[in-house]
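Which chain is which? They are A, B, C and D, in the order written, and residues in each are numbered from 1.
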Amino acid sequence: MTTSNWILTAQCPSRLGTIDAVTGLLYQHQHYVTELNSFDDCHSNQFFIRAQFRVEEAFDEADFRRQFAVRAGKFGMQWRLRSTADKPKVVIMVSKFDHCLNDLLYKHRIGQLSIEIPAIISNHPDLASLAEWHGIPYYHLPVTAASKAEQEAKVMKIIKDSDAELVVLARYMQVLSSNMCQQLEGWAINIHHSLLPGFKGAKPYHQAYEKGVKTVGATAHYINDDLDEGPIIAQGIEPVDHTYYPQDLIAKGRDIERLTLSRAVRYHVEQRVFLNGDRTVVFAD
Amino acid sequence: MTTSNWILTAQCPSRLGTIDAVTGLLYQHQHYVTELNSFDDCHSNQFFIRAQFRVEEAFDEADFRRQFAVRAGKFGMQWRLRSTADKPKVVIMVSKFDHCLNDLLYKHRIGQLSIEIPAIISNHPDLASLAEWHGIPYYHLPVTAASKAEQEAKVMKIIKDSDAELVVLARYMQVLSSNMCQQLEGWAINIHHSLLPGFKGAKPYHQAYEKGVKTVGATAHYINDDLDEGPIIAQGIEPVDHTYYPQDLIAKGRDIERLTLSRAVRYHVEQRVFLNGDRTVVFAD
Amino acid sequence: MTTSNWILTAQCPSRLGTIDAVTGLLYQHQHYVTELNSFDDCHSNQFFIRAQFRVEEAFDEADFRRQFAVRAGKFGMQWRLRSTADKPKVVIMVSKFDHCLNDLLYKHRIGQLSIEIPAIISNHPDLASLAEWHGIPYYHLPVTAASKAEQEAKVMKIIKDSDAELVVLARYMQVLSSNMCQQLEGWAINIHHSLLPGFKGAKPYHQAYEKGVKTVGATAHYINDDLDEGPIIAQGIEPVDHTYYPQDLIAKGRDIERLTLSRAVRYHVEQRVFLNGDRTVVFAD
Amino acid sequence: MTTSNWILTAQCPSRLGTIDAVTGLLYQHQHYVTELNSFDDCHSNQFFIRAQFRVEEAFDEADFRRQFAVRAGKFGMQWRLRSTADKPKVVIMVSKFDHCLNDLLYKHRIGQLSIEIPAIISNHPDLASLAEWHGIPYYHLPVTAASKAEQEAKVMKIIKDSDAELVVLARYMQVLSSNMCQQLEGWAINIHHSLLPGFKGAKPYHQAYEKGVKTVGATAHYINDDLDEGPIIAQGIEPVDHTYYPQDLIAKGRDIERLTLSRAVRYHVEQRVFLNGDRTVVFAD
């Protein structure tokens, strides 16, 4: 006998009956709901639901999808169903700083992050041996102003060929073209080393130092066409004081960045994150 | 036209159909669910649900109760329904330290804590004028070893006469008798000034100092018959270092204690807390 | 025999011998140093020191001042000496929201904040009874665009007449004139309800909501002539999520604001804060 | 011309003149103090000082030591002087869980932790390839109840032969013998996965789960002869709720443990930690 676990997520305009559309069908199929979260945003008038459920017998996924599609159709739901055994493919992009990459690889290696990593792409050769030790293909694609369009085309080809459903910019220190941002909108996560919207752009720790803030942080967000402005998924923070020069903020920031990025990636792959206009709904744990 | 908002909570042994028992009836009555949380504890095999819903028309509460009672009965559910406009009555017990009391009174005064306070009971006269300024009856009931049974009887009478559904021990510095603990089990919240189960009993900050811990905290918990052992609702923490002598821990602890206790009281009155054996389920916000 | 405790603070351009100028004299006078902090800012080339010391016998303060002045003169030190028994006078300004005021009054009342409060000034009458209960004079000075100069002159007169050395804007909801800002520069603390420099200006919680941040905070800073731009003393933070509407951020923010402001005020009166250009040095505990 | 930076630390019974003994000599030698911390424990009557200073010319270390020894002798000071360029040798012991090891190796690799790692010792072979990739000798020394004395002798020999001044138990899952604990007292740091003194001994996350705590943490401490009772250096904490089963606490705990241990190790090697009876003084940054 196989037990399997599934995650069903949906979002649509707020309307009476949306919860029942999900819970009613699950009950009718005798699937046991182990985790249920819903949120109704009374400003955007959007409804969001995430249900994790257990199937004790063989699961006729196609049939369930067919039936749910009918219900979802009535409410204009965008929805998604997947097995928890299914490991999403995640492509990681990186430059030279590897604290975020190292954390993602570590959590992937011990199974804390349930993903496959078909490719690591970098504009520098430095981290090839780290990738190799983890048995992951490393693509070194240098980039200059002149070669940017061509390089990004190669990057996008690798992403598509690898069937990735998520791209993670783990301190990839290149501004993506508007074209590439548009292609990746909603399925690429970036880590910015400040508490956005504070200190956008270059050298945020230096900016923070100049302002004399007593708190520094990092922000994981979906990229969109507006630099450092995409919907925020997670933020991490630590107190600092006058003894922190910019290089000290950078050092302290490494741990904040990697924990924040890893958390955002995990939330995404566990389907805990929904886009809600320029904001997100995150059913965190 | 009156819109009203309601909270329905229930718990029972885990079984297929428990969610649908709630969501199905709400849908059938055309009540709009604005917040929904459920949890299924696979260790204790207990199910917990909290639904907040909006009723656009006149609400036939008695009829709804009747219908839900039938469904609840099938699952052995303990359940509760109340309007969010309904302000639960909370009796506060206190001795001389008033940082927790002051915070509860402040949050009550500005409406952040949606409760009524029919009585403040103290074994000392010191805080009478604070109570008076807030327009709340203050009962000074001194206690000695000899008079304890008699004093507790008077306390319980006030609690009962005031129709309180929650008692808050806001640094009430007397150990309650076993008899009184049993009467209050599950509906009295105490604040203990340590991260329980560490530093039970007297002078926890002095204990913490002796151990040289780098973190101090406070714990809000339901009282039961085992001193400082009741189910934990909320904990607050702050970092400390070697420069903190016991009196500094006490000073720092005041803010931790009052925030932790206020949070626990709010969770309770918003029906976010469920007993789960010796533990709690808290649908926090 | 009287034991007294003193705090000596000094700052000056970095130069060899600055520490010895302080510690040497204290040793020569046989005063016991109980707490010593120094910081040398290698960017601004400024030196900061704070020494707390115990005097076992009668203290010839005038003589000590004379001798230290000679040493301080050699280094161009700005310095200050005061007894810990000396309670600085602090004038509080407030409008209608009283969460910060209530916290300051509470900590003043129980002695956790070692200050005198000669006056509370407000542009509204609402908080008069709160002031009265604490036995503190309350000045109601309404203000309109037309009467601003006149009102501010009255405010400044009260501040000066009361011999205050610190003014605290505890959610005083008026933009001060440039003239008044200049007069108060370096000795007035404001609380802004965001993590500055993020969300300057009006309605910061609404701004934070729009951006969908996962963290909100408050900033206590010295006022200067540039609105919400003065040197930061302390910041407080709390995590939030998608369920927080602006009114929820406001409610959560109250505790952050009052703790942050109280902390900043305490640091100031304990002479732990130094101005370092647009930044501060804070020898926190 | 070479500039060098030095750290001088000392502790002794509290007495007038201890600070001047340090600052006076540094001034006399024209060494520039860049960081100075002192603490006087009025309970244990112990004095602690840490001075970081810059030497602009060639430093006659032997001469300085000779002169300071005279001053230190008068106060019964234990003291230590070292160059910040000097990298202390640190031996790491580990079993199978490698989250702490991985973090230490990462921070060592990028230079955030200024140490040498002459040896990694494990009772299991599993982590040999991780050590190898970092170019660090890996000693696999299995242990059974019968072979414990012999294995520990081998471990101690490696530690001594490598000239280590610190041993880090990075989740080494063996209880050390009393004899070995005594040998390592004060220069071996262990990470325990609870907020000590809560949840000593085995399976602390399971203990925490049973108690239903809302906070979990980790403690880095010096080992002594009393299991999980040595002086605490650092503690880390994170909030949890009812949805965390023991395996979830374990997963969340990994990040807490490794950050806490890395921090404690850095504090130790930067000579920020002093023993103060069963407690520590930590001049943290």
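Heads up, the rule we're going with is that a contact is a pair of C-beta atoms (placed from the backbone, for glycine too) under 8 Å apart; a residue touches a chain by one contact, two chains touch by 3 or more.
Keep in mind that what you see is a predicted model, and the values were worked out from it rather than measured.
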>> Going by the touch criterion at the top, tell me which pair is linked by more C-beta contacts: A-B or A-C.
In response: A-C
>> Need the CA-centroid distance for the pair subunit A / subunit B, whole Å please.
In response: 37
> Roughly how far is subunit A from subunit C, going centre to centre by Cα mean, in whole Å?
Replying inline: 41
> Listing for subunit A: what residues touch at least two other chains?
Replying inline: 35, 39, 42, 243
> So that we know how the chains sit together, what is the shape of their touch graph: line, ring, star, complete or other?
Replying inline: complete
> Can you list the subunit C residues touching subunit A in their complex?
Replying inline: 39, 41-43, 195-199, 210-215, 217, 231-235, 237, 239, 241-243, 245, 276, 278-282, 284
> For subunit C, which residues count as touching subunit D in their complex?
Replying inline: 16-17, 19-20, 23-24, 26-27, 30, 32-40, 42
> subunit B touches which residues of subunit C in the complex?
Replying inline: 35, 98-99, 102, 106, 110, 112, 133, 243-244, 248, 251, 254-255, 259, 285
